[in-house]
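First chain A sits with chain B, and in the next complex the same chain sits with chain C.
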Partner chain A sequence: MLSFIIRRLSYGFLVLLGVLTVVFFIFNILPGDPARMMLGQRADQEAIDEINRELGLDKNLFAQYMLYLNDLSPISYHSKNAQDASYYSESKYGGYLFLELENSGIALKSPYLRKSYQTKKNVSSILFESLPETAVLAVAAILIASFFGIFLGLLSALQKDTWIDRLLLFIATSGMALPSFFVGIIFAWVFGFLLSDYTGLSMTGSLYEVDDLGRGEYINWANLVLPALTLGIRPLAVVIQLSRNSLLEVLSKDYIRTAKAKGLSSSKLIFKHAMQNALNPVITAISGMFASLMAGAVFVEIIFSWKGIGWEIVNALEKYDLPIVMGSVLIIAVIFVCINIIVDILYGVLDPRVRI
Partner chain B sequence: MNLPLLEIKNLSISFGNDIEEHFAVSGISFSIEKGETLGVVGESGSGKSLTSLATIGLLPKSAKIKSGSILFQQGESSIDVLKQNENQLRKLRGNEIAMIFQEPMTSLNPVITCGEQVAEAIRLHMGYNKTKAKEEAIKWFNEVQLPRAEQLFDAYPHQISGGQKQRVMIAMAMCCEPKLLIADEPTTALDVTVQKHILQLIKSLQKKHNMGVVFITHDLGVVAEIADKVIVMQAGTIVEQNTTRNIFKYPAHPYTKGLLACRPPLDYRLKRLPIVQDFLTAQNKEISTVFNEIKISNEERTSQLKELYHKPKLIEVRNLKTYFPIQKGLLKKTVDHVKAVDDISFDVYEGETLGLVGESGCGKTTLGRSVLQLIRPTSGEVIYKNTNLRDLTSKELRPFRKDLQIIFQDPYSSLNPRMRVGDAIVEPMSVHNVYGNQKVRKEKVIDLMETVGLKAEQFNRYPHEFSGGQRQRICIARALALSPKFIICDESVSALDVSVQAQVLNLLNDLKQQFNFTYIFISHDLSVVKYMSDRIVVMNQGKVEEIGISEDVYDAPQKEYTKKLIAAIPKGEEIYG
Partner chain C sequence: MKKLSLKYILLFRSFSFSNWFILAILVIGVLAPFLANDKPIISIQNHNISFPFFSNEKYLENTAAFEVWPLIPYHSQSLDFKNMNSVGPFEEQVVPSLYYRHWLGTDELGRDLLAGLIHGCHTAIWVGFGAMAIALIIGVFLGGIAGYFGDSTYRIHKAKWISCLAFLLLTALFIPNLIPWNWAEIPFIEKATQTILFTMLFLFLSAVLYFILNRFQAYKKSISIPVDLIISRCIEIMETIPLLFLIIALSAIFSPSYWSLIGIIGISSWTSIAKFMRAEVLKIRQKDYVESGFALGLSNIQIMKNHVLPNALNPIYINLSFGIAAAILIEATLSFLGLGMGVEQVSWGSILASSRADYTSWWLAVYPGVLLFLTLYSLNQIGDKLSK
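Up next is the complex of A and B:
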C-alpha cells in the first residue's frame, strides 16, 4: 500500500512538472509586455529595464524557465548578487538560507509563486484567500449532488418503470442539458430577486462579506445556497442516472440471486449486497466532477460575484496578470492529482479486488 | 400417510403476453422424498432451472405461473410455495430450501468476505450472535473440507479458486440445515477433477443430514454418480422418469437414449458420435446397435495410425517456454516468474489431431497461444514450414496467420455482438485480402456457413439470435474462412451441453476429413480429448506429464496425474451399463 502511494505521488509529481512546463511556455510565448503593463504606457525605458531584470525577463526563455522552477522548488539555489533575479531576500521568498556558499546559497522555503503584476501582492496569498471560497462552494455543490443524487438514483432504480422513475429521469436529463450560466441567472433572478422576500437570499454575494457598519468581515452562509445549487445541478443529474443504472445492473447479478436465495430482506439486499458494488462508478464520476468544479466554477462565480479561484483567473486573464494565472492553474493541477490519489485509495476500501 | 418432502403437481410456467405465449415448462409433476437425490437432466432451455427457481419463489418477473402447485412438507401437512407471500418465502429460503447455483465465479458477492456471506445466513435463520455465527460458519467451512477455514473466513471470493468458491456456496446452502437442497448445475463450470470432489461432498452431506437433493444437470454421466432417481426433461416436459439404474439399463425414450449415447465413450473408438436426433428420427433404435454400426475396430485403428505417422511433421515445438513476470515493489522489479509453459517439446504430424489435456491453470491455453505466437514465448522454437515462428516480427507473421487458426472457448464472448455473423466471417478474408472482391467472399462465406450446418439466410443475423452450439459453428466457420492448414481448438466445446457438444465434435471431424486439417485439441475433459485425438499430451503445471497414442495413455497411464484425471471422469455407463 505504501509503495503504491509513493508510486502514485511520484507519478503525480511528474504530471505537475508537465503541467507547469506547458503552462510556462504557453504564457511566455504569448505576446505582451508585463513590464509595460505594470508601469503603464508612459513609463521610461530605464524603469522598464529595471523591472525586466528583476523578473528575469531579460534572459532567454530557457533561463527564465529554470528560474521559475527554482522559485517553485522548496529547496532552491540563490545568488548573493542583489542584481540577479535569483537573489535571495527573506521578504521575497520567505523561508531561510540553510547553506551559505561563497557567492550563492541554498534555501529552504515554500514554493514561491511570484507576485501579481498588478497589485504586487504575493500570488500565494491571493490564492490563499480565494481558494477556500471555491473549496467551500465546490464541497457544498458536490455534497448536494452526492447525497441527493445517490438517494434519488436509488429511489429511481427501486421504482423502475413507474412514474417516479420517469420523472426523475426527465429531471436528470434536463439537469444535464442546462448550461450552468443559464441556470445560474435563472436561479439568481427567481430566488434572489423575485422571491427574495420569502427566501431572504440576495442575487450575488461572496462567502466573506464586509459589514456595512464597519465591524469587519463575517461569513454569510446564506450566500452559499444559490451558487452551490447551481453548481451542483449537473453533477446531481449525472449521479442520479449513474447510480440508478449501476444499481439496476448490480441487482441483476448472480450474487444478488444468491443473497435472495439465502432469504435476506430487501433492505439488507440493497444496502449490504448491492450498494457497495454499485457505488464504484459513482465515486469515479463524483471525484472527477469535484476536481473540475474546483477548477471550473468560473461561470457560477462570475454570476454570483463569488470571489473564488475562477473569478480570480478571469480577472487576471483580463489584465494579463500572468503570475496569478500560472499560480492558479498549478494549484488546480495539484488539486486534481491529490483527488485522484485519494479516489484510488477509496476504491480499495470499497472493492477488495483492487486492494493492493 | 407420509407426505413427500416436495411434490410438484402439473406445474406450467410461461413467458410473454396473452397474444404470444411461450410455455417454458408445461404440466410437469414429480416428487421427492426425504433423504433422496433426484437428478433432473435436460439440455439448456428444457425448463429445468425455471422449475427449481419456482420452488424457492425466485422466478424472474417476466415468467408467469400458469397452473399447478409446489407442495413443500411442513410437519404433518404441506404448504404450497406458490401461494406464500414474500415474507413467508423469505423464511423458507435458505432455511428450509437452499440452493447452489451454476457459476461459483459470479454467485458470490465480490465485496463481502466469504465467511460473512455464510455467517449472515446463520444469523438470519438461526438467530445466533456474531461470535456464535462465526464459529458455526467455520464449522461448516471445515465440513465442506475447505482448507485453513479460519483464514478463509476473512478471504474475499476473488482470492480463492473456483472449486473453493463452490464449497463456500455449499457451506452457505447447508449452514441452516435445510430439508431440501437444490443444486443447479453445480459442477458444470468446474474441472473434471474438482467436479468429482464436489459430487462426493454433496453426496456425503446429503447422507449425513438426510436431506432431499434436487440435482440439475445437462450431463447424464454426472447424474449416475449421485442420483437415486432421474427425470429427463425436454422442451418443458418430462419425457422419462425412473430410477437411475433403470434409466441407464433400460432407457425407454429416444431422447434419453440420445443423451446417453452422445457422451464420448471411453472403451472404444467411434467413427462419429451418435447425436440425439439419430434416436429421435429412428424409432426404437438401441444404443448398442448404433454403437456397433460406427465402431472402429482395432485393426482399422492400427492401420490408420500407421498411415498417419508416416506423414511429415507439420509443426515442431522445441523447448518452448512462456514465462510471465511477477513484479513487486516500488520500481516494479521482477522478483519471480509464473512458468505457464515450462520447457515443452512435441511434434504435430500432418493430418493428426493432437489432444492437450490438463486442469485449469496447467498452462494448456498459454501453450496453444504461444504456438500461434498470440502470446510471445520467452524462449524455444516453433518450427512451421522450416521457419521458426518466434523469430518473425508481427508483420512477417501475417502470411503465416492464414494457415494457423484458433477456435476459442466461449462462443458467447468471442463474437462481436454488433457485427452480423456473415460479416464476422468475411472479416478475416478482407484482412488477408483473399478471394479478390467482396462479392466472391460473400459467396464463399455462404458456402462455409452451409458447410458448418448453418443456413445462407442467416448471413445477416446477429450473434444473439443464435444458440450456443450455433455460435460455435459460426466461430468454426470464421476459423475456416482462410482455409487454414492447422487449427487449435481451445476448449471449443466446454461451454456447450453434452448433446450439442457431440454435434460440434462431429462437425470438427467431418471438416477434418473434408479439408485435411491438422488439429491441436485442448480440453480439460479427458473423455472428449480421448475421443478426438490420435495422440494425447497430458500437461500439469506448465510441463508435459506424459505423451502418447490416446488409447495407450488411457489404458495404461504412466503417471499418477494422468490416473487422477482418468478417475475423475464420470462413468455412468460403467456403474450401470
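Up next is the complex of A and C:
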C-alpha cells in the first residue's frame, strides 16, 4: 500500500513537471514585450533593460526556464548579488534562507508564482482570491448535479421503459449536447432579465459584492443560483445516465432476486441493497468531474461576470499578463493531479478487488 | 457494436432524425457559398455569360442582365445599411421585395442572420472534420504504437538507445539555449539556419558516440524501451493541462485563421483517440492471429498494417462522432470568446457572442444556439447508436 502511494505520488510529480515544462515553453514563445507592457510605450530603454534584468528576460530561454523552476521549487538556490534575477529578498519570496554560502544561499519558501505584469500584485494572492469563488461555483454545481442526478436516475431506473424513463433519458442526452455558454445566455436572459421581477436575480454578479452604502464587501448567495445551475447541467446529465445504468445493472443481480424472494420491502431493497452498490461508480465519476468543472467554468464565469479563476485567465490573456495565466493553469493542474491521486488511493482502499 | 460499413451509410438504412439532420448540415455546409451570397451565380447580358460568383471583383448591380441568384441574396459579411441595429425576424424591414427579406433578422451591423448561420455550418463542419482528421492521425499512430509494443517488446541495442537519448537531450538542452531573449527580432532565415545547423551537429555527435560505444561488447546487449509508459505519461500530461486553457493559449500565439484553428484543436484533442486505440490494440495483440503472424515470420510493420490496424479502427470510427461534436463545440466556444478565426469568418459561436451585447435581440442567441445544440445532439445520438 505504501509503495503504491509513493509510486502514485512520484508519477503525479512527474506529470506536474511535464505540465510545467509545456506551459512554460508555450507561453514564452509568445511574441510580446512584457517590459513595454508594464511601463507603457514611452518608457526609455534603460528602464526597460532594468525590468528585463529583474525578471530574467535578458537571458536565453533555457536559463529562463531554470529560473522559473527555481522560483517554484520550495527549496531554491539564490544569489546574493542584487543584480541577479535570482537575488533573494524577503519581500519578494517570503520564507527564509536556511543555508548561507559565501555569495549564494539556499532558501526554504512557498512556491513563488511571480507578480502580475499589470497590477504588480503577487499571482498567488490573486489566485487566493479567485480560487475560492470558482471552488464555490464548482461545489454548488456538483451538489445540484449529484442530488438531482441520483434522484432522477433512480426514478428513471425504477420506471424503466415508461414515458418517465424516456423523458428523463431525452433530458439527459440533450443535457450532454447543450453548450454551457448558450445555456448561460438563455438563463441570464430569461431568469435575470425577463423574469427578474419575480425571481429577484440579476444577470451578472459575483459571490463577493461591494455594498453600495460603503459597508465593504458582503456575500451575495443569490448570485450563485444561475451560474451553478448552468454549470451543473452537463454533470447532471452524466449523473442521471450513469446512476440509471448502474442501478439497472445491480437490480438484475442474483442477490437482489434473493432479497426479493425473501420478501424484503421494496424500499429496503432499493435503498439498502441496490443503491449502496450502484452508487460506487457514480461517486467516482463525480469526484473526477470536480476538477474538470473548475477548469470548465470559464464561460459561465464570463457570462455571469463571476470573478473566478476562468474570468481571471481570460482577462489576463487579453492584457498579455502571462504570470497570472501560467499560475492559474498550474494551480488547476495541481488540483487535477491531487484529485486523481486521492481518487486512485481511495479506490484502492475502499475496493479490495482493485489491484494496487 | 455495429460494423460501420459504407453500405450502412449509403443505403440510409435505419436513418433517424439525427442522421438526416447531420446530412443536411453537411450539404448546407459544403454548398454554403452557393446558398447564401451577395453575387449572382450566372449573369447573362448581351450574349455574354459571366460568373460573378467565382470572381473576386465586386459585383455591380445590373438590372438589364439576366441573373441566377443564390437562395439567399446576402453573404455572411454583406452589410445591409437599411436594416442595421438588429432588426428582428418578425419586425418590419426595409426591403425591396420579399426575396430580399431577412428571414431570421439581422445583427447590429445589418448582416443577415440566416446567411451567417449557413456560412457557420461551413465553418463548423470544416473545423469539426479537419480537426478530427488530425487528431485521428496522431492518436491512432501514438496509441497504436503504445499498445502494440507495450513496455517490454521493443528492444534495441544499448549503444543505439544511449546515442539516441544523447541526441534528444542535446537538442532539448541546447535549442532553447540558442534562443536569445530578443528572438522575435532575429530574421527567420537566421533562426532556421541556426537551428538546422546545430541539429545536424548534434546528429553527427551522437552518430560518433554510437560508433564508439558499438566497439564495446557491453553495449551490444539489447534492452527494452518502455514505449507504453512514455506515451501513457505524455497522454496524462496532455490531459492534466485543461484542454480549454491550452487551446486558448495556443490560439493567442498563432494568428487567428482557419487552418491554425483546425491544427490547434487537432493537436490538443488526440488523447482520447490514443487511449481508445491503445486499449483496442492491447486486446488485439493477445489474439491468436497476431501470434500466428509472428510464427510465420512477418515483420512488425506487416502485422501492424495488415492485421492489427484494420481490426482496431472500427471502435475508433464510432468515437469519431463524439470527437467531431467536441471539436465543433470547442470551435464555437473559441469564437464565442473572440479567439476563433477573426472577423472575416463567421461562426455560430461568434454570432452567439454578438448577442451578449444586446439582450433584446433574442434571435441572435436562440437560432445559432439551437442549431449548435441540434448538431451536437445528433452527433452524440449517432455515436450512441453506433456503439450499441
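Assume the second predicted complex is superposed on the first by the 337 of 356 C-alpha atoms of A that agree within 3 Å, B and C clash if a C-alpha of one lies under 4 Å from a C-alpha of the other, contacts with A are read in each partner's own complex, and residues count from 1 in each chain.
We adopt the following convention: a residue touches a chain if its C-beta (ideal position, glycine included) is under 8 Å from a C-beta of that chain, and two chains touch if they have at least 3 such contacts.
It should be emphasised that the depicted structure is a prediction, and the values quoted were computed from it without experimental measurement.
> Tell me the contact category for A:Ser124 with respect to chain B and chain C: first, second, both or neither.
neither
> By the touch definition at the top of the document, which applies to A:Gln241: first (chain B), second (chain C), both, or neither?
A:Gln241 contacts neither chain B nor chain C.
> If we overlay the two complexes on their shared chain A, which of chain B and chain C does A:Ser265 touch? Say first, second, both or neither.
A:Ser265 sits against chain B, while chain C stays out of touch.
> Could you say whether A:Gln276 touches chain B, chain C, both of them, or neither, answering first, second, both or neither?
The first partner, chain B, only.
> Touching A:Val337 in the superposition: chain B (first), chain C (second), both, neither?
Touch partner of A:Val337: chain C, not chain B.
> State whether chain B or chain C is in contact with more residues of chain A in the superposed arrangement.
More residues of chain A are touched by C.
> Show me the residue ranges of chain C that touch chain A in the complex, using the header's touch definition.
Those residues of chain C that touch chain A are 173-174, 176-181, 183-184, 233-234, 236-237, 240-246, 248-250, 252-253, 325, 329, 332-333, 336-337, 349, 352, 355-356, 359, 362, 365-366, 369, 372-373, 376-377, 379-381, 384.
> In their complex, what parts of chain B are in touch with chain A?
Those residues of chain B that touch chain A are 56, 58, 89-95, 98-99, 101, 103, 106-112, 120-121, 124-125, 156, 158, 169, 172, 329-330.
> If you look only at chain A, which of its residues touch chain B in the complex?
Touching chain B: residues 3, 6-7, 253-255, 257-265, 268, 272-273, 276-277, 350-353 of chain A.
> Considering the complex alone, what residue numbers of chain A touch chain C?
Interface residues on chain A, with respect to chain C: 11, 14-16, 18-19, 22-23, 25-27, 29-31, 52, 57-65, 173-174, 176-179, 181-182, 185-186, 188-189, 193, 203, 292, 295-296, 298-299, 302-303, 313-314, 317, 325, 328-329, 332-333, 336-337.
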